[in-house]
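Below: a set of structures, written as structure tokens.
Shared between the two complexes below is subunit A, which has subunit B as its partner in the first and subunit C in the second.
Up next, the complex of A and B:
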């Protein structure tokens, strides 16, 4: 499953490392947009397989941030 | 055969609906028979049905595929129509349409809610001259719906398809409840889409319940089963009066659910950190009274019916947990419709504000965020019901306006002690005003300079200063929010207001 950016912004903080297990609804990354912290959660339980972004990157709405399997 | 016996037999036959094989295939999909749906929806079996014998001389068209009734829900008289999908897939012939028109006209005369239980393949093309184009053709159903809109509550439950022209029945209802897996809405079927425009797509993807309740916003409430859809409708109607002339009934008050942490401890001091607005709502309203509308669509703004002290209210609340609570085109649309719904039926409004503003950037400008935002402001301004605005944490830019800020004639604008009201937040403001100056400073001096300017800015927009200037009406202890709302909604209930004199505004749609 792909985790996607809910809105345009900067990747501020990655809170789960590659290879770590994630729960459904767990925040995996916090974007920074409109001066707000925007937590993005995994919609499914699984393992964080791959990060597609690094902290500091700009992402647009709908861009893939990470892959959870 | 005696005349009574013959009548009885004819009634029995019609009430069975279509062929058994269609009942069986419906049952496999978890679909109830239309008459069962009606029995579940209404209080008792004291249901008045007209037009049972419509098209009775045709062998295979019992009731002409639609059941039209008047009965009671929660003791309140209500009119309803229910497509019978065991009869020619619930399609519409001339008498089907005439029956729907008549029950709508009954709802109009009695000034009672109108419920549409939809499960229909659309027009019977073989009968089109009789049912499509004329004065009493299908178009008249929509015309009647539009006339009824705002006069009486109109609710649609979609149990199955609502295709082509039929898809406009849900479009003109106040609320559309969709049963996941079976309900769908579309103008052209996937088969037609492939033929006419070459698109290959599944029904679920193009017009399924999840899609409409999450992405298009044409659906409002997604449920798993038909029973759940009916229960939701029964609950929803308790918040409403029978028509626009009346007020919602006040019921026995219920205390909010109790929590370890009070409101003052759940709101982070850091303006930029997320928190869950549902936590504040749950601590404020009567326990179990929240009836959320469009939960899955544009969740950065929460809209729902609730009760405070047993009194119906409509809540419009920013959700900092999703997209920072920023307003987008969809959230503005969602708010505009919900505000109109509440105002039409005398349901007072509560705005819970924690908004960084409207979204900026190329994408939203291309979507027309300015005109979408204008819709929200338009609807919010026209309201004549009591409206209370509470600045929970921040109200920046046009976000303040959209959330019924002081200029938009709320009955009161309250704020929590840490609230900020400004054109923009301190970081953005200092950056906007001081960017050139900051750039000229030596690197090591910048941080201190920015901090100093931000502190000065914060002082300038301090909530006590805004209260001193009488921009807001009161600063309240967050843990006394419920009490303040109970007192104020009680006082404002007899508000008498006309927005302005004119035919109607020119809506920025």
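Up next, the complex of A and C:
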């Protein structure tokens, strides 16, 4: 499953490392834009297989941030 | 007399300040970050200087770089606008040390009113009513819980050093308060360098009504009546109007006089705003004082005919106020809406490139717009990109004009809240002037009525 950005902004914090297990609904990354922080959660339980971004990167709405399997 | 002003700000407020300076024959200096290389305010100013990268900590909050530009360009005054360094005692002090006029109050006043707890003490001493709450900073969640038990839920949690809605949350239960405390305290510590929190009784069904005051350095303080600012999302204002549609003449005068008492008690000078919460019975409480020009100042200008930026410069020049209280009267009705680059349903930011932009036109329509077609709205700053202000002889005429102006307003390429604004001004509660701070969460259901 792909985790996508729900808004355009900067990747502020990555809270789960590659290879770690994630629960459904667990925040994996926090985006920051226009003085607002938006946590993005994984929609499924699984393992964080790959990060497509790094902290500090800019993402557009809909961009893939990470892949959970 | 001030001959050259550096504007330590960006966007629409920088443009607004430059406009009045031009009318007064004052030279202007803009400072800008990487992200604002092509911004309109930079082009409006007589001179413009780059001060750093896009991140605010490295540009608009970089006091040294800004002072350096002021010195190099021989600016004799700095106008801080709102936000950024406008309420920074360190900045005001530094200006004084460098012999540059800070267009705002003295540093010690900024310090006093910048601390919610100190401000509250000062207001209690002045006899201004305040909301029941902690009279000192609360350092831990446990302490907050003990206090909440005493005053009863719901309670409002606020960052002592906060502003603009950051670090604020309402808690209805002990569980909620514990979570809210931990989140907001951490956030306040990283945003403001101070994680101290302040707790007070949450006044339900309240309105946010604020009074604009002007005070010179010769002991004259006047009030320019009130603004009704109850329509908010995430504790930030969306629509403001003046005068308030909901208060009696008697309450209007009482609020005005109380605001003057508050300002005089702290020997305030500059333009300032005293914010009040007004409950259903008309009882009012001091909320905070904003020691700077405010985003929504134009509605006051429209109904009183006073140019608030001009008065700020006048006061900074050590002149007496241009008006006496008895010369200020309310004429007509004005409404301002803030145009945010954000998703109108989820209120999430929507930065991007503006591919088309057409502003409404007409008599009694005022645009304070930071951007133009082809500009990119970056994620680095506040999502507010423009303000639309309309004036009418009365409230219903103003609402009609607002409806028409919003219809003409066209922004493409990014999402904006215009659809939401168009919708909320048709609501019965709004038309009746029955707006409380819970207005948006109570009435706005974007999925049902979106056009």
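Going forward, the second predicted complex is superposed on the first by the 69 of 69 C-alpha atoms of A that agree within 3 Å, B and C clash if a C-alpha of one lies under 4 Å from a C-alpha of the other, contacts with A are read in each partner's own complex, and residues count from 1 in each chain.
The rule we apply is simple: a residue touches a chain if its C-beta (ideal position, glycine included) is under 8 Å from a C-beta of that chain, and two chains touch if they have at least 3 such contacts.
All values reported here derive from a predicted model rather than from experimental measurement.
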{"item": "First, second, both or neither for A:39, with subunit B first and subunit C second", "value": "first"}
{"item": "Touched partner set for A:10, first subunit B, second subunit C, both or neither", "value": "second"}
{"item": "Which superposed partner A:2 touches (first subunit B, second subunit C, both, neither)", "value": "neither"}
{"item": "Which superposed partner A:58 touches (first subunit B, second subunit C, both, neither)", "value": "second"}
{"item": "Partner chain(s) touched by A:23 [first = subunit B, second = subunit C, both, neither]", "value": "neither"}
{"item": "Footprint overlap on subunit A, comparing subunit B with subunit C", "value": "6-8, 33-36, 38, 60-61"}
{"item": "Complex contacts: residues of subunit A adjacent to subunit C", "value": "6-10, 32-36, 38, 58, 60-61"}
{"item": "Touch list for subunit A against partner subunit B, complex", "value": "6-8, 33-39, 60-61"}
{"item": "Contacting residues of subunit B [partner subunit A, same complex]", "value": "272-274, 320-326, 328, 356-357, 359-361, 363, 425, 427-428"}
{"item": "Touching residues on subunit C, where the partner in the complex is subunit A", "value": "164, 166, 234, 341-343, 346, 348-352, 379-383"}
